[in-house]
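Labels for the chains are A, B, C, D and E, by order of writing; each one numbers its residues from 1.
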Amino acid sequence: MTRKTATRKKLFRPRGKTPGLPPGSLVYTGDGEAPVPRVTMLDYDEHRVVEKELLRVDDCIPFKDAQTVTWINVDSVTEPGLLENFGRVMGFHALMLEDILNTDQRPKFEDYGDYIYIVVKMLDYDVKKNDIEIEQLSLILGPNYVISFQERPGDFFDPLRQRIRKSLGRIRKQGTDYLAYAILDIIVDHYFVVLEKLGEKIEQLEDIVITNPGQDTVRAVHAVKREMIFVRKSVWPLREVVTNLQRSESALVHESNAAYFRDLHDHIMQVTDGVDTFRDLLNGMLDSYYSTITTRTNSVMKVLTLFSAIFMPLTFITGLFGMNFRNFPELDWHYGFQGSLVLMVVVIVIMIAIFKWKKWL
Amino acid sequence: MTRKTATRKKLFRPRGKTPGLPPGSLVYTGDGEAPVPRVTMLDYDEHRVVEKELLRVDDCIPFKDAQTVTWINVDSVTEPGLLENFGRVMGFHALMLEDILNTDQRPKFEDYGDYIYIVVKMLDYDVKKNDIEIEQLSLILGPNYVISFQERPGDFFDPLRQRIRKSLGRIRKQGTDYLAYAILDIIVDHYFVVLEKLGEKIEQLEDIVITNPGQDTVRAVHAVKREMIFVRKSVWPLREVVTNLQRSESALVHESNAAYFRDLHDHIMQVTDGVDTFRDLLNGMLDSYYSTITTRTNSVMKVLTLFSAIFMPLTFITGLFGMNFRNFPELDWHYGFQGSLVLMVVVIVIMIAIFKWKKWL
Amino acid sequence: MTRKTATRKKLFRPRGKTPGLPPGSLVYTGDGEAPVPRVTMLDYDEHRVVEKELLRVDDCIPFKDAQTVTWINVDSVTEPGLLENFGRVMGFHALMLEDILNTDQRPKFEDYGDYIYIVVKMLDYDVKKNDIEIEQLSLILGPNYVISFQERPGDFFDPLRQRIRKSLGRIRKQGTDYLAYAILDIIVDHYFVVLEKLGEKIEQLEDIVITNPGQDTVRAVHAVKREMIFVRKSVWPLREVVTNLQRSESALVHESNAAYFRDLHDHIMQVTDGVDTFRDLLNGMLDSYYSTITTRTNSVMKVLTLFSAIFMPLTFITGLFGMNFRNFPELDWHYGFQGSLVLMVVVIVIMIAIFKWKKWL
Amino acid sequence: MTRKTATRKKLFRPRGKTPGLPPGSLVYTGDGEAPVPRVTMLDYDEHRVVEKELLRVDDCIPFKDAQTVTWINVDSVTEPGLLENFGRVMGFHALMLEDILNTDQRPKFEDYGDYIYIVVKMLDYDVKKNDIEIEQLSLILGPNYVISFQERPGDFFDPLRQRIRKSLGRIRKQGTDYLAYAILDIIVDHYFVVLEKLGEKIEQLEDIVITNPGQDTVRAVHAVKREMIFVRKSVWPLREVVTNLQRSESALVHESNAAYFRDLHDHIMQVTDGVDTFRDLLNGMLDSYYSTITTRTNSVMKVLTLFSAIFMPLTFITGLFGMNFRNFPELDWHYGFQGSLVLMVVVIVIMIAIFKWKKWL
Amino acid sequence: MTRKTATRKKLFRPRGKTPGLPPGSLVYTGDGEAPVPRVTMLDYDEHRVVEKELLRVDDCIPFKDAQTVTWINVDSVTEPGLLENFGRVMGFHALMLEDILNTDQRPKFEDYGDYIYIVVKMLDYDVKKNDIEIEQLSLILGPNYVISFQERPGDFFDPLRQRIRKSLGRIRKQGTDYLAYAILDIIVDHYFVVLEKLGEKIEQLEDIVITNPGQDTVRAVHAVKREMIFVRKSVWPLREVVTNLQRSESALVHESNAAYFRDLHDHIMQVTDGVDTFRDLLNGMLDSYYSTITTRTNSVMKVLTLFSAIFMPLTFITGLFGMNFRNFPELDWHYGFQGSLVLMVVVIVIMIAIFKWKKWL
């Protein structure tokens, strides 16, 4: 049930934009009910951290050109008006705003000169629903700010906020590109969590496929395979996104952080390798299931044929001596009954011999 | 019925040109009946819009070099004479005119220097026929004009005309490349509509495949898969077309509109991703169906074998005691009948035990 | 029958050259009986056309350096001596002559500096044999001459000769590269004819596969698939050949004819697209057939099992009351027979109920 | 049993790093129990060899800049503290240290300028477990040192140490790049050993598949196929690693050793070729198995049908003459019984004739 | 039998080098018994030919720098000592010598500066064994010498020697690169012979698959498919080898012979095309076989079901009237027997009608 609801969501997501609307028209296309978006700000440099909730988009104007790193997080993208304000205040391109609202984008990297726009998919494993949740994150990387638009409210980035507050690691000493990296890194770390959960499922299924597979097993394998299609679709294009970030000649990405982005790229490669491995394993399991079923059908058939080959002649013999012909001298023989039994045993022996010879037993 | 008619159309489309005709010979190859083409003109700049129907091709000469943007739309390509006139008046290459008439082109981009020729496929979902309609659009992008040749009359571009008339968005302030972009954008927006419809179909089929698949389901899955082949064929080469437009060094495409063409490219990538995902889902459904049928056949076989394994011996026993041998003392035993019943019960128990042991029950 | 003969021809074509013969050894490898080759010449420029049959290869020497366009057509390549003469007279490379004789080449483009050598496959649909004929055409494009070597006599190029004679189109005003293009264009036009015929076959098969497929249908699908393998093999490498012609820096191909070669390339792309589409359709048909058969087998099995599940118990009951035990009081009951009938009806009802419950009915 | 334990290990390997930890956090992720790592050092030049066990990481400081080649081997990577010390003493990048600890990396090459970091997978065939062991090796190639981190203690490199001690081959005359090559060469040599063992398994399976395949055979084939997935995953990316080493512009890899790295690359190509060949063979075996089973099922069905087609009519005839109608004159015929026998023989003959005619016998 | 022995050979070929041996260690790895290698020399220029057998490797020193073309052929590579001598005398790289001994190389091209090293696979069809023989040939192309190392003695190159002796073709006027080309050309010519034999096999199998396929046919198809895997593996990498030769900037390959190497490349393309075509045909045959078997099983099932559906009710009716109830008035009816026969006919008619209606007949 849950699964189907979740996947139906994935298949549908109609684009809000009716064909013919001007490009850059802002229409929300997510499928949740629209909560009021909460805009929080985290402004920091090596020495201090300021955290507050922004009530008006215009409040972020002072931070646009400040020398501190400003991270603005919008926890849902349901309100076109809010995005229009961001566009107006920060001078963003209308097409990018449209893309932020359209939550069925494929991961991409776009360099608008003054800022870089990145779309990634956040994957999370919902333990209650036993299902993978896919959420879109839009990331705008500017010289002094990073703005992140989540599709739905969530606490994905709390550990990162803690690191900033407590100045763990090197994040407080770094610029906006490192912050963007740190956000992407958390997302990719979650991919591994999702892979691990899928791996567990696959392992359980492998055990069942080897021991006692049934229709349910196959259905479960197909369901996981179906999930893999969407995971793959979400993760695969990210390789190119990070490669573009790495090779970007934009002044927004500093050479000194190259190692981090390369590391990120490696992690994504590991994830896509894992996805491919899982897909191969699932296909192997399906093949294995089919061979099991085919072989079983074959042996069921042999049993049926064996029974038929033995009992059909026997029943025929009994029928023969059960006929009511008046003139049927054999019925009067003294050892007729015993003779018929011997005949039957001979039939059984011959049949079993044939089956042995044909290696069906 | 409808489906077959529609696809037959797609498979056939014979080229009008007999082998050996000189290249550039104009022969109409569409399969509709030939309506008289209607040529409409929309001439605009930032300040004013002029709309009129052209009765003679020569009427468009004054607009060829005017500084306004002139959009000429021809709503069917059934009349070679009309195209010849366009060729003569505008100085178009004969091969291009031949391509416009030949409505079975694959999407392509050709830079003729003074003008750019683009072929795209318009996809629409015909709700009445429950079928995808594929139509060819030829687009000629010149310095001051855009000429579009539809295969069949239709109202695809009415919203765009409205935007021009009412000066919605930035279209009135832009040149011919933006107009071409806007036309392509509407076409790609329609791809999403078609995908959504296909997605709905696929979802319904998924539900049936999981609950109670039958021969009809599989036939429907195959029919959708077949449609996907043609959608894919229509959409896939468009990626290259738009990439060529983006990277074109032609003076006809302005650098300032790069973001729009990039956005268009992204949308096409989304569509092709969607098509691939659908194909994977459909293949998964077929696999799932086969495993269901194979497993069912297996269990039907088991039931049959179970019945045979139990009733064949029983019937044999009854046959045995139904034989008419005169000398058959067992028949005279007082508890003969009861004994035979006990024997039968023993057979039943043994058979069921064997089947339990073999895990067939 | 016909089909097999035809394909056998394709599979075999042994190379005449025994391993170890020096390269450039001329041995005819075609499989027809060797007719005496007919060498015809068509010499033209804008003002006049001369046509004659050449009896000796040396007769073409005067045309080698004349300013007119000379088209020499050899209508079969069975005579190594003739080729040697051409090689001597025109100064052709021995390896090229060997390739002309070896009629199992793959399409290729070779720039020998003074002349360009092109191998293409001519496809034609033999309506009588209901089969595709594949023939090799070798084309030598020199500065003032085009020499074409057909594998077998045929009237492929008659329409082109008419165009030259009657000066239709621009051919009389153009050079040898345009003539080569015109020859290739006719060949590619014939590909469309072949595709159309194959499309017709496929459509007929599709109708049968949906309505009432049998073993013959599948065999026919496989036969068409098999033909597609050879068509694909013949057409696919031609894309590269034409690309090489287009991009050739040879002085033999003029920039002004680029549009024609590009158009040719587009046509080949359409053909290969069509071939791929047909292959996808054929695979879909096979899948569809398998699912039909599998589902049918399943329902046949259900019917069998239903009959067995109902009649085996019934027959057992009749057998039971047909036993000849002396002490069998039930047989003496007044309503024994009616009771047994009731028992049988109960069995039938239970069985049908079970089958209904299992959704087998 | 063993197999499943081993593969479970491969599927799982959770990353120690919780999402949100700063990059470069050192958490051990291997799945063995953590032995105390042993750090051994081998310091040599052309003239002398020094070997000792390092108790403190700081002991390797003097060798960092010495002109001799220093090979430090750490035989397990379970202790983050040790790695931190290496990082501090040698100035290694935190991300690299994290990668060393994370033993589920894919093979990779990273040039950090002063040193090169290489990850490879060591494959070994555990004869006792009849299973492939996969272990990660991290290799740091510096100007005067090579540091190797094994995942688990083992004697993979003893022959290499012997060659250094006894100055066999040219190793003592070469620098660190040759040492790195020699280490990689041993690892790749072991790939061949693993391939050979897999080849033996596959050959045994091929024999069984041809003679008498059963469900166990298929299961074994699938198990080997599954192992191939992991072998392929371990070996495939190594091609790129060695290509990068070959083409590296780093001063750490000398041009004079290019032939060795090229040779290494060739060996890896041979291994990947072998893996692909094995995969093709395994798929062929599965196909072959299916065709065997399908054909067998078909002939079992024929036997069953033959028996049914012969005995069902016969039994019907006996039943017919076993009916108890009072008025049944045929039963009183003198040759009634003989007549019924003749009738039965006729039925048998007809049935066999039909089956012969249908080529089922 | 023969086939299996042959393939076992291919699968195994263990590398003689134990992991850990220094690179360049010479260990023979072929699987034949080690004959004493015969070293023959053919020294020629335009004017004279000298042929002799070399007893000591040092005998070839004088020819190393002579202006004549020297072809040294070693007819087996079983003796590491011989190779060491070649290495010492000619100054060959140790890794190359190791590769010559290791007869399970993939085809490759290596430019060592002073000489070029080429590995190719010689394929031959052993008519007696009805099997493909694969043998490795190592070719060293130097400025004045070509050295060829055959894996096993054989007469592959006798026709070439004849051509040199008799000065057929241009070989005596050409240098070492032409000689290398001539050797490769013979090898590729043999590929065509092997392909032709495989083509014959495939054609025979195609006939059987269409007319009367059985388990043996499928087994034979799989066996050919298996052979194709090894042929493909041997031929495929040769494309790259010849491309490298063609594009080599080495002074050892002269521009003037480019046409020959290009021709060679074309031939290899033809071979690989042929291999791919054969693979497609074999897969098509397997598909065709499956569909035949599946359809047959289906029709066998229908026959079985038909018999059951007709005779089970009939037998039940006879059983009914064979019951021994005392009170069974129907048995006393005068036309009871005839009535029962009518009932049976009705059952038969109904059953056949149902089957007709379901289109099973």
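In this text, a residue touches a chain if its C-beta (ideal position, glycine included) is under 8 Å from a C-beta of that chain, and two chains touch if they have at least 3 such contacts.
Since we're looking at a predicted model, the values are computed, not measured.
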{"item": "Reaching subunit E from subunit A through chains that touch each other, fewest steps", "value": "2"}
{"item": "Rotation angle superposing subunit C onto its copy subunit D by C-alpha atoms, nearest 5 degrees", "value": "145"}
{"item": "Whole-Å separation of chain centres (CA-atom averages), subunit B against subunit E", "value": "41"}
{"item": "Where subunit A and subunit B are represented by their mean Cα positions, the distance between them in whole Å", "value": "26"}
{"item": "Shared interface positions of subunit B, touching two or more other chains", "value": "294, 296-297, 301, 304, 308, 312, 315, 319, 322-324, 328"}
{"item": "Chain contact graph, described as a line, ring, star, complete graph or other shape", "value": "ring"}
{"item": "Chains in cyclic order, anchored at subunit A, direction fixed by subunit B", "value": "A, B, C, E, D"}
{"item": "Residue numbers on subunit C that touch subunit B, as the complex places them", "value": "157-160, 162-163, 168-171, 181-182, 185-186, 189-190, 192-193, 196, 199-200, 202-203, 206-207, 210, 259-260, 262-263, 266, 269-270, 273, 277, 280-281, 284, 287-288, 291-292, 294-298, 301-302, 304-305, 308-309, 312-313, 315-316, 319-320, 322-328, 359-360"}
{"item": "Parts of subunit A lying in touch with subunit B, wherever the complex brings them together", "value": "4, 7-8, 11-12, 14-15, 17-25, 93, 95, 99, 104-106, 108, 110, 112, 212, 214-215, 218-219, 222, 225-226, 229-230, 233, 286, 289-290, 293-294, 296-297, 300-301, 303-304, 307-308, 311-312, 314-315, 318-319, 321-324, 328, 331-337, 340"}
